[in-house]
Amino acid sequence: MPDVETRTRAADAASEAPALALRDVGVVFGAEANRPVLANISLDVREGEFLSIVGPSGCGKTTLLRLLAGLMKPTTGDVLFEGKRVDGPSRARAIVFQDYANALLPWRTVAGNIALPLERAGLSKPEREARVAALVAKMGLDAAANRYPAQLSGGMQQRVQIARCLAQKPRVMLMDEPFGALDALTRQTLQDELLALAAEQRVTTVFITHDLEEAIYLGDRVIALAANPGRVVETIDVGLPKPRNQLTTREDPAFLARRHRLFGLLQGH
Amino acid sequence: MSRTLNALPPLLFAAAALLAWWLVTEFRLVSPVFLPTPARTFDELAGRFADGSIWTSLFATLARMILGWLLASLAGVALGAAIGLTPLARDLLSPTLEFLRPLPASAMIPVAILFFGLSEQMAVFVIAFGSIWPVLMSSVFGFGHVSPRLREVSAALGLTKWEFLGKIATPSAMPDIVAGMRSGLAVSLILAVVTEMQASLPGLGRDIFLAQRSFRGTELYAGLIMLGVIGVAINHGLGLAERRLLRWRARDA
Amino acid sequence: MTKLSRGAALPLFILAVWELSSRLGVMTYESLSYPSAIAAAGWAALLDGSILESTWETCQSALLGLALGAVVGVALGAVVGLSRLASRAAGPTFDALRAIPSVALMPLGLLLFGWGLAMEVVVVAYACCWPIMIATSAAVRGVEPRLLEVADALEMSFAARLRKIVLPAAFARIGVGVRVALGIALVVAVTIEIAVNPRGLGYALVLAQQSLRPDVMFAQILWLALIGFALNALLSTVDGGARGEGSGA
């Protein structure tokens, strides 16, 4: 039965197609044609993986994430989502911004913010409320559900933003230094919560950070960028066992070796 | 204890001001035609409340003022949203509006009389024309300064233009809109008084105008006190409404 | 350039429709006149000097009122700004007085002074003194504490402290209040003239309407809009200059 065979092969090809891909992407801002922000970047984000992208400030990390989100277009090259060219933002790709305080609607309560993506999904009110309640519980926001963002700590606000992204049931979650503005303890807690969520929801995640250890601790793979112009210098498979642990993983010789390697690479440039 | 102590200086000051008024009139430093005694003025006011005649004037003035203000607020917010959010509307409308804005609203009274005669509509038109500017200006600012991050959030969530307007832009501009409406209400009281005098429409403005014409000083001062009370009341009322409406801005609640 | 032409499109369109429809007799606006007649009337009023004369009368009362209001406003603002007690004690009474719409004082002004310059100046002054008072008290409160310590060290009297330290230091911010008040002065002066006082631009406007000369009336309104526009433009250039000066310091 040739029909079945071709169909399986097509399905295989589709599942092997990267969730997101950049093909020879370059970005130039304004008149500074001689100083591109990103140059000749090609990379794949695999279906279901957790990809960390790390690099020094000014290497175009945020620009790269905005390209993947569809919030901007590359000057040259292509951005592909599930094999199709990206021509704008989509609900299938959720974004978590670093500046949670600006990204939440200050006039809506925590529950109201999480409900925002659900309001057009054709859900009945009880269904919507149940979904919001489930997300509130999952992110540990029960006590805060009826408070306004300005009344919450930074860590809680970032939880709300992540919950809002999960509410839109994305296939890819794009995170732009989401924990960069948080204190060390809160950051570690949120890192572990995020890993658990990503594993449970099996959502492809691209995580931008300037923190080497964070990149390795969270990632299945780490892509290192260098600046002037922003370009890929190295891609490594992390290969550390999961679930990860703040103490044992970070003391694992393999973890330290990766950290050494990336540190050297980024220093060298 | 400390609250009563805090209330003491303002009460003493107000009492001293009343006392000064009383002394000036008691010793006939000013003719009672020009400045009646406080007692006679408050008697007059109490009398107008007792016979109910003040309510007719009060409601007429308030109704005119609030109608003009509501029309101005609706038009101001709609125009402000259009100008703040769409470059085409801004280019088309804002030069004309910038030219009209400094025009004293009272200068529209003769024009409005041409169109509407000495009527209620004339007054409402002039009140609306004058009180639209603060609402319009602050709405343009509010809608024009929706944070770029929230625009991105809206794009990432795939909100339509109308959803963006209703769920992101309008609430985000609300603090400016409310502040503009607050200034607009003060303007509308001023214009309600002026139009009543000009077109002889019933209300507190006409009352004090007629009182002056027949040299009834007590009525004139009673009317001024009433207008001051309205001014204070609308300011406090709107302040309360503002805090309620914008309670999300408070850090702790 | 395209922005400019877009901005001119709306008024030009309205003027063209207005002019053409009355010229071609599609509609007759007997009470409205039409643009070319308005322009002619405005030109005539400029040539015979009548509009300039009424402009002078209005400016006279606006500026005198502003000056009087500034003196009272700066004095009250300085006292309220320097003394917490004065501010607490007088605040509510001043708030209540400020809440009386200035135009409601027109009948009182008439009662006290009759028609003419004096009543207009007093009512304009009343309207102008509040923003100047508020700006002054804020400015005085914002004076660098170090400067006041200098005054203490030199054992200056209250008057000397006010004259030599506080008012010069607060000068720029008081100026902001005076500029706000200048706009108010013009609006209130014209309003008084329209409503009760037979002088100046406002009265000329009412006279034109009552003598069924809509062309003259619209010409007067256009002139008023031009004055207001010019005043705004002037104030914003002064504003820009002051800001430039501030950033240099």
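As written, the chains take the letters A, B and C, and residue 1 is the first residue of each chain.
Here is the rule we go by: a contact is a pair of C-beta atoms (placed from the backbone, for glycine too) under 8 Å apart; a residue touches a chain by one contact, two chains touch by 3 or more.
From a predicted model like this one, the values you see are computed outputs, not experimental measurements.
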* To do: Would you mind checking which chain's C-alpha centre is most distant from the centre of subunit C?
  => A
* Structure fact -> Ranking chains by how close their C-alpha centroid sits to the total C-alpha centroid puts first chain B
* **Computed distance of Cα centres, subunit C from subunit B, in Å** => 18
* Structure fact -> So, in whole Å, the Cα centroid of subunit A is separated from that of subunit B by 50
* To do: Let me have the rounded angstrom distance from the C-alpha centre of subunit A over to the C-alpha centre of subunit C, please.
  => 56
* Asked: Using the touch rule from the top of the page, what residues of subunit B touch 2 or more other chains?
  -> none
* Structure fact -> Interface with subunit B, subunit C side, in the complex: residues 2-3, 6-11, 31-32, 85, 88-93, 95-108, 110-112, 183, 186-187, 190-191, 194-196, 202, 205-206, 208-209, 214, 217-218, 220-221, 224-225, 227-229, 231-232
* Complex contact set, residues of subunit B against subunit A -> 147, 149-150, 152-153, 155-159, 163, 167-168, 171-172, 174, 246-253
* **Residue ranges of subunit A touching subunit B (in the complex, touch as defined)** => 69, 71, 88-91, 93-95, 97, 99, 102-103, 105-108, 116-117, 119-120, 147-148, 150-151, 168
* Asked: For the complex, which residues does subunit B have touching subunit C?
  -> 6, 9-10, 12-14, 17, 33-34, 88, 91-96, 98-111, 113-114, 186, 189-190, 193-194, 197-198, 204-205, 208-209, 211-212, 215, 217, 220-221, 223-224, 227-232, 235
